[in-house]
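Labels run A, B, C and D following the written order; every chain starts at residue 1.
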């Protein structure tokens, strides 16, 4: 192979060595490179914005993948932390899959370390309503929460300092017509055995739960509860995302996530919408969307602006005249606008309660 | 909700009933619909062209998914038949995953029936070279091929009428420098214990094996050998496909597939290339690509044609003047051409041997 | 370059000759191949289903592209016929762009012939309301319709046998609050000077116009009215399509399209919805969607079916129990169903009037 | 419409007001939002990295779009500056398109201001070889370069302070077999009438020109020379990009771009490759790609790193052992590596000459 050809080769294909025999030719371009797609989200109020999913299953309960797959998915989808929460009581594959309640964590932790994903040891207490399903997060040992009475499971978790999360309270299989806060939930809440609730689970939103969380000072949570391969269930290649909890933590560590959750520093993110405390919503919006005058005006002497959104969330913005603009995620658009009309904004896809959306004043 | 609004609703969103309370709002649009993407491939020579993958793993050996996932993937990717071929001898998850060698088939067969995927009961004899790895396909019971000596495993398979497939003969872990047909392979071949060979495995091509198959009248096979989720390993959403064996069968049944394979009625399809017997390659090309005169001519009085390719394979066509055109998959292009230059064609991405590509005469 | 390397080259890259000097290296892979994406739509009731767009602009009025671009777009987007309808009265580029009213047709006809696109000679009479904007289609000469009075323009068109189309009757610039059939429209209608109306234009739907067309026996039309590059305005790469009129014609010719339009054999297709006569909607649905039993049943003994939709339109199907299923375009899904629930269907995205949707009885 | 429904509406669709009549229903989701996709590229050596295309056509010569389209495309594709360079001598549409040589600039400048795109007034001197085609950039008036003799055109441009660019010197229509620096080019060069050369044009690379530029201290340029709609010619929706010149300028202004070009502070970017001066290539690479230890090790005690590439260019990196890794654009990958093997890197897709690629030492 003469120099010219070799060079042309390099120029065209970026390949120097080339299979020169007929025994084995590699087609590396057939293999998809595993890449992490960062979720661009601004840090706010002095905290780091971490992207977390606290609810998912593997073949160690009724999921269809080996625990390492959950780590790989989380890494590719830009998450910082996950909890694998296999059911304690529901293990349909028991005939073939053995191991105690720590097995899924143990199978995944090395991969999590390799990929720099924070892995939370956890389990899902799976009972009929009430109390329904609850995740015990940040455990040292999952086995003690396998008890006869549900309350004993939660007490055993509490003893380990667990954050306890009530899952999908409005799930129709357990609350077909309503989404009720039952006496048993009041009891658990008073004993500190409910610390957060899913306002969003898989593809369901429980608007009333958003009010519960804000009133009772519980963390607002959004989780995938994924059993399938995530990209089989959610349409990730077309820009959709799994439900995610944004946690505002002092740093990127399990300890800081746990602390932030106990202090309700979270937002629920699902289907390009955000729900939670006004203060966090406003901070995220203002840190994401900015307007820069181009110094140019249109024919009617109105100023032209470049509106930039650095976050992964498109914002649907309504001005004081009721005009609505979507500022797409990670993009810039140009708009001709009169600043007077944009001093108060309504952000249509940010929910501050079951019946209210975010209003912000702009400087 | 008055009629006008309901109607506008229907018009805009195609939804009649709508969640009218705050307990549970469904976001069904977040869930990806599972659809089958048919692999468009013409039937030829009186046979049905079936798309098959005879080599894949689950958590019952060293794969990462539950057996039903293999069926779901096959259905979505347009396959007709698959064999789950968990290793007999290599089961790294044994500590947690139990069950005999039929377990993966048994876990998947109901889903296969639901999805109308033909599921072949099979196992992979996994030995050091020689003989290397061999799949026993079309078994009634996988357990008898778990023997001490590899030849006994193959004899046990043969007793059940199995088709035996030599996997990845040029795999560098077993044949680092070459791809040799060893004396033991000659012995197995003479005893009827090798009936086909992978010329393509995962992302590797063994050109020399194409010659072996054609000379020794063995079936040419292309398999994924997938351990991961297929869409995590292959870039399916961007138009890539897993390696597939095209089987030319009398009908869509396990029996006819088995018969076709013993009669070498197969082609290997990988990375938008085809390899195998000239007669099948030519038939596929001619049934796929047609030229239709538009009745119009260009400025130089040359006829304008619409060239249509109905198959999922783009064909790279060289004419008698050395001009090369790619006719994209499932598309039509227009070309100004002189039929005299297109009486003999060379099809660049159809291999008839390790050192030869397809030439066809056009009528 | 020795044989082995050449071969490996062919194998890997499908390239035989290779740039061997440093003067000029081609990167043909950078260029997008222009391919036609056929719109798969069944033929019905003995007619061919042709896909047409009767309203679009070029730089010869207020569009931004040269006329040949309209042909290229039409070919790539799978259309059979188009009309370039530059404004007679609105020519903002007149300072720089000259030529008479036939210029855009004349600039495009050679390309249309090359690409096998049927090109309709046409112009848009562009007046204030009433009568608003009307396209004169199937002209021999566009110049005579440049008259002082609008009615004279339409009479001049009629003299040439033109099909006259009322464009965007509910366009807010001309009918800000309502969409009225005015006395002048009644007059034109009675004189045979309105033969069809746009129920859909660009991104606007006029439901009331659907009733007008059905009651007055006028052709139901859906057009793009595109001024921009189509793929800049419509999100074609993500599966959206421009508004299209389906014409049910005896063959693929201008004459048969014209005849079909005068006989109201059309449907409006926009945003994955269809609107028009029940008989055509029902025929399209039934020719598109079929159910095939797999011969398998689920755990509850209900039959499993493969539901196939061969058309480019997803259908949103509601059964007698109110259960809704979307059958995606050009796909197959599997469903467990009880035929008794599917004897009468409501097709949510097929509109038979401003206030009614398609109901079909299944055999 | 009661409150609950309104709210559910807002929750689901982010829409408050809703078309309540049948006259006109808007389908705004059918329209593609025009968004700018920023080209992420680090600033280096104290300069701003501006993305520029200095060669393109409109209907005012032989292009197919109105000048404003060039601005819209540039904005969407993330460019900072463009020159519209309609041919002075080649105007096939002259019959219909009139106007002097400034017309395309004048038609585009308002849109450029609105979109914050820097628009360079320019024209293409279009002669047979020698001297071939040359762009005169940064003119005040294009008309004076319409002269009989090519040299007079260039002198007239020079008088206005123009930067003169030799286009596609290896274009086969003008230099079918070679790419020669002819005596006339030497003459022009000595008179200061060649200030830069295209090493890349449309889909052609002239490796030898890279040496000319580096030896003669001329700016290395990469341009699209687009005549068609850019997204029709280049496969932009699938991640390809038009050829672009990176200019390292003191600020984002026409003046600083002109200054930078006269000082040869440019790189050519095409097909995910970079060509030009080693110092700029090295700076771009080092500012783009960083490795961060995860603090974890693999089974063999080798450190695991996160490798992040913030730029829009994937880099193909070869280490001292000849191992090749592609670090994808705007992504993070994890790698187990031994720093000792990565002290000297070869960057396969960065060309420092017709026969050499970039080598960098890592700290």
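Heads up, the rule we're going with is that a contact is a pair of C-beta atoms (placed from the backbone, for glycine too) under 8 Å apart; a residue touches a chain by one contact, two chains touch by 3 or more.
This structure is a prediction, so every number in the text was calculated from the model and none was measured.
The chain with its Cα centroid farthest from the Cα centroid of chain D is B. Where the sister copies chain C and chain D meet, the same residue numbers recur on both sides for over half of the interface positions. Inter-chain centre distance (chain B to chain C, centres taken as mean C-alpha positions): 36 Å. Averaged C-alpha coordinates put the centre of chain B at 41 Å from the centre of chain D.
Within chain C, contacts with two or more other chains are made by residues 7, 11, 21-22, 25, 27, 34, 205, 207, 354-355.
The touching residues of chain C, counted against chain D in their complex, run 21-32, 34, 59-60, 63-66, 68-69, 72, 93, 95-99, 103, 107, 170-172, 175, 177-179, 203-208, 229, 231-235, 237, 240, 270-271, 354-355.
Across the interface of their complex, chain B is touched by residues 3, 7, 10-11, 14-17, 33-38, 75, 113-116, 205, 207, 273, 294, 296, 298, 304, 306, 316, 318, 322, 324, 326, 328, 331-334, 336, 348-349, 351, 354-355, 357 of chain C.
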